[in-house]
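Across the two complexes that follow, chain A remains constant while its partner is chain B and subsequently chain C.
== the complex of A and B ==
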């Protein structure tokens, strides 16, 4: 078996057609999941037991279920219920539901990692608890969460490939079509892997830059 | 509900396959992960670089892409591998990278001073590794190890895409026939949830047992 690397130049443009879908899905999922994590962590940290209990149950359920099953549930379920969602929307909802829970856990960890003494010191200086949280705890917590959030973002980018199973025409889907119609499977999947490596590398590089920009010097 | 009861025997069969795949993948990824972590910690510069490259690739490429590569490409390379074992090998190799990070982090979390102190009281390297470093590292590794195991269990659902008859595959087949996605996929989700939730509870229990005198 000979690997024909000139084939890459022919495979890459075909795969790139799916690139827009992969990037849109990944970007939307990362932004929405990071946003959805905020109300979830607020519910988790709520002083009302029912609210925090419900949030905890939600987090446990989506974290302990494979993303593939979530996508199937939403995609086929929505069709059956009479409100058929496109594969893209169903995949996006599944990704946001699951990764929003992960994001909430990351936020919780980030807040907890800030020493309890800091808001106390703020209150000793006469800040209200709310302002003390907003002005002292939150800025430190936000810096804490960048690295784990970045890791989770990489997971989201990789998980967008699973949306290929509910017929979202992203790059893995395109690669599979190509693999079915040509005999150059090694080249196709090699190029596909390169695409993902490039996307995840750019994303984590950008996050590292952000981390560096907001560091406390 | 009737649909669900009729589907139960098939779902049970799929669950057995999932259990088997999950158990085998957890064992394989643990063993491979240990090897990778040891190479990364104590291997020479070349081995360390190779492991580093491997980890980099696995961190950046989706598991599904690796499964597809195995499924579509290996026959072209004239490598015949039974799909079940193929799935286990790919999943095991993939999550071994995550396991390696867990183990390496745990060993590195033991401060250097512990080594020096152990040497000062006259322990030899194997004893230091076992009684001083590993004794503390296992406690650190516990929770993230369980988390990675949960990722492995969830990851096995992807083999349904390359046609292995695990519980996700069976569920999808039944849904295509009965058009009852909520009941069937709900049941499938429940299978994974039970497995993963039990794992995380077990993890928490072990943690409390292991940390009793810490």
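== the complex of A and C ==
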């Protein structure tokens, strides 16, 4: 079975048309999800039972719902409600809602992983609980969360492909159109996989670099 | 680092073995050019790739069962080939998933309201058509349009399936419309129903079916294409299998199995299929209900 790899040069330009949409959707979703995770984790760790209970319920609902279902729900639901959102916006909201919940859980884990003794030591030296958290716990916790956040970012990049089902013209969408017109499915999806591999490799490489730059030597 | 290298080497050798395996199996099939048809008979089961959301051809009913014209035709083929319409397995695919389903060998044949186009015929082998088709527009009544000309407006959105024929037709007939694109007919329909799109384009019988079952939607009287043919498709290069399937289609549409085919046709479309022979149309009309004009949009029977 001789495989002709020249198809890459034919398929890649067609897929590249969707690259802007994939990259903007992924970047916006990663940044907004990381930001949305902050109020969620604050609610999760709240002293008030109702607040933390509501946050817990939110996290469970969006974490345990497939992203495809969330996207369909928001995209078609907004249409039925009379305020049709574009596929891009609906996809972005779904990605942020779900990954914001994951990010909150990651933040919670990062904070919990810092030994309780450390802020206690800070308070013993006269820091207020708030400053003890900000000066001692947070810097360690932030370093803790980089690897899992990076992991989650890779998930977001891959999940942007699901937005193709709600008419977002990103690279998977282009690949499907091309696959239907040429039926050269394996060549096209092989090239598509290379695109995702390149994007995620660059992203995880950057995150590794960040992890290394902020390491506690 | 060393461990990583070792792992890489192990993976590389595993891939090499896999490659050798593929080559070896390629040689084996080259030596014995057996037809997939023998395999189907030996297996005693026909595997068919189809849709599950394209009424009235292949869709899921309220009971969750796969039903439709294509499904009944597929079962009838299984009965003619293996003696029992139950000796069949359906593989559900989406629009672009039809081609790898047969080309990879996952399914023997595909029956998925699939229109024959020359560019498709480069990659899969089609039988002759088993039903005429055309392309119609399903539109929301609240858009208040009755012609293609009125619909061709930048304030309206058209829902397309992920295939290039849709894009070509939209550019030709409705170039001013905005476009959204989906991979299943169910999503097309939901887009129009939810207001994400004003209209959708799909095979005429599918449009008629939706229009009949949804008071808020209607079919435009104009069509976007002439008569087209929907056919059975399979992996190219297997002449024995293709010949059997093509013969079967001929037997159904104009030969010994015409009466069974007519029963299925009447069950789903409420009218007779095109006559067995165009020159015998008068005779057919004399014995049964008037034969419809070819490709006249069949009025689907409400179930």
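Brief remarks on what is shown
The rule is simple: the second predicted complex is superposed on the first by the 212 of 217 C-alpha atoms of A that agree within 3 Å, B and C clash if a C-alpha of one lies under 4 Å from a C-alpha of the other, contacts with A are read in each partner's own complex, and residues count from 1 in each chain.
Going forward, a residue touches a chain if its C-beta (ideal position, glycine included) is under 8 Å from a C-beta of that chain, and two chains touch if they have at least 3 such contacts.
If you're wondering where the values come from, they're calculated on a predicted model, not measured in any experiment.
Placing chain B and chain C on a common chain A by superposition gives a clash between them. Applying the stated contact rule after C-alpha superposition, one finds that A:182 touches chain C and leaves chain B untouched. When the two structures are aligned on the shared chain, A:144 is found in touch with neither chain B nor chain C. After overlaying the two complexes on the shared chain, residue contacts for A:24 are found with neither chain B nor chain C. In the superposition on chain A, contact of A:165 is made with both chain B and chain C. Once the two complexes are overlaid on the shared chain, A:46 sits clear of chain B and of chain C alike.
After overlaying the two complexes on the shared chain, residue contacts for A:56 are found with neither chain B nor chain C.
Once the two complexes are laid over each other on the shared chain, residue contacts for A:197 go to chain B alone; chain C is not touched.
In the superposition on chain A, contact is made by A:76 with both chain B and chain C.
In the superposed three-chain model, the partner touching more residues of chain A is B, compared with the other of chain B and chain C. Only one of the chain B stretches 77-85, 131-139 or 149-157 carries C-alpha atoms that clash with chain C in the superposed arrangement, namely 77-85. Applying the stated touch rule to the two superposed structures, the overlap between the chain B and chain C interfaces on chain A comprises residues 1, 72, 76-77, 79-80, 164-165, 176, 179, 183, 185-186. Within the complex, the chain A residues that touch chain C are 1, 72, 75-80, 82, 84, 87, 164-167, 169, 173, 176-177, 179-186.
Put simply, chain A touches chain B in their complex at residues 1, 60-61, 63-70, 72-73, 76-77, 79-81, 154, 158-159, 161-162, 164-165, 172, 175-176, 179, 183, 185-186, 189, 192-193, 196-197, 200-201.
Chain C meets chain A in the complex at residues 22-23, 26, 95-96, 99-100, 103, 119-120, 122-124, 162-164, 167, 180-183, 187, 190-191, 193-196.
The residues of chain B lying in touch with chain A in their complex are 56-57, 59-65, 68-69, 72-73, 76-78, 150, 154-155, 157-158, 160-161, 168, 171-172, 175, 179-182, 185-186, 188-189, 192-193, 195-197, 200.
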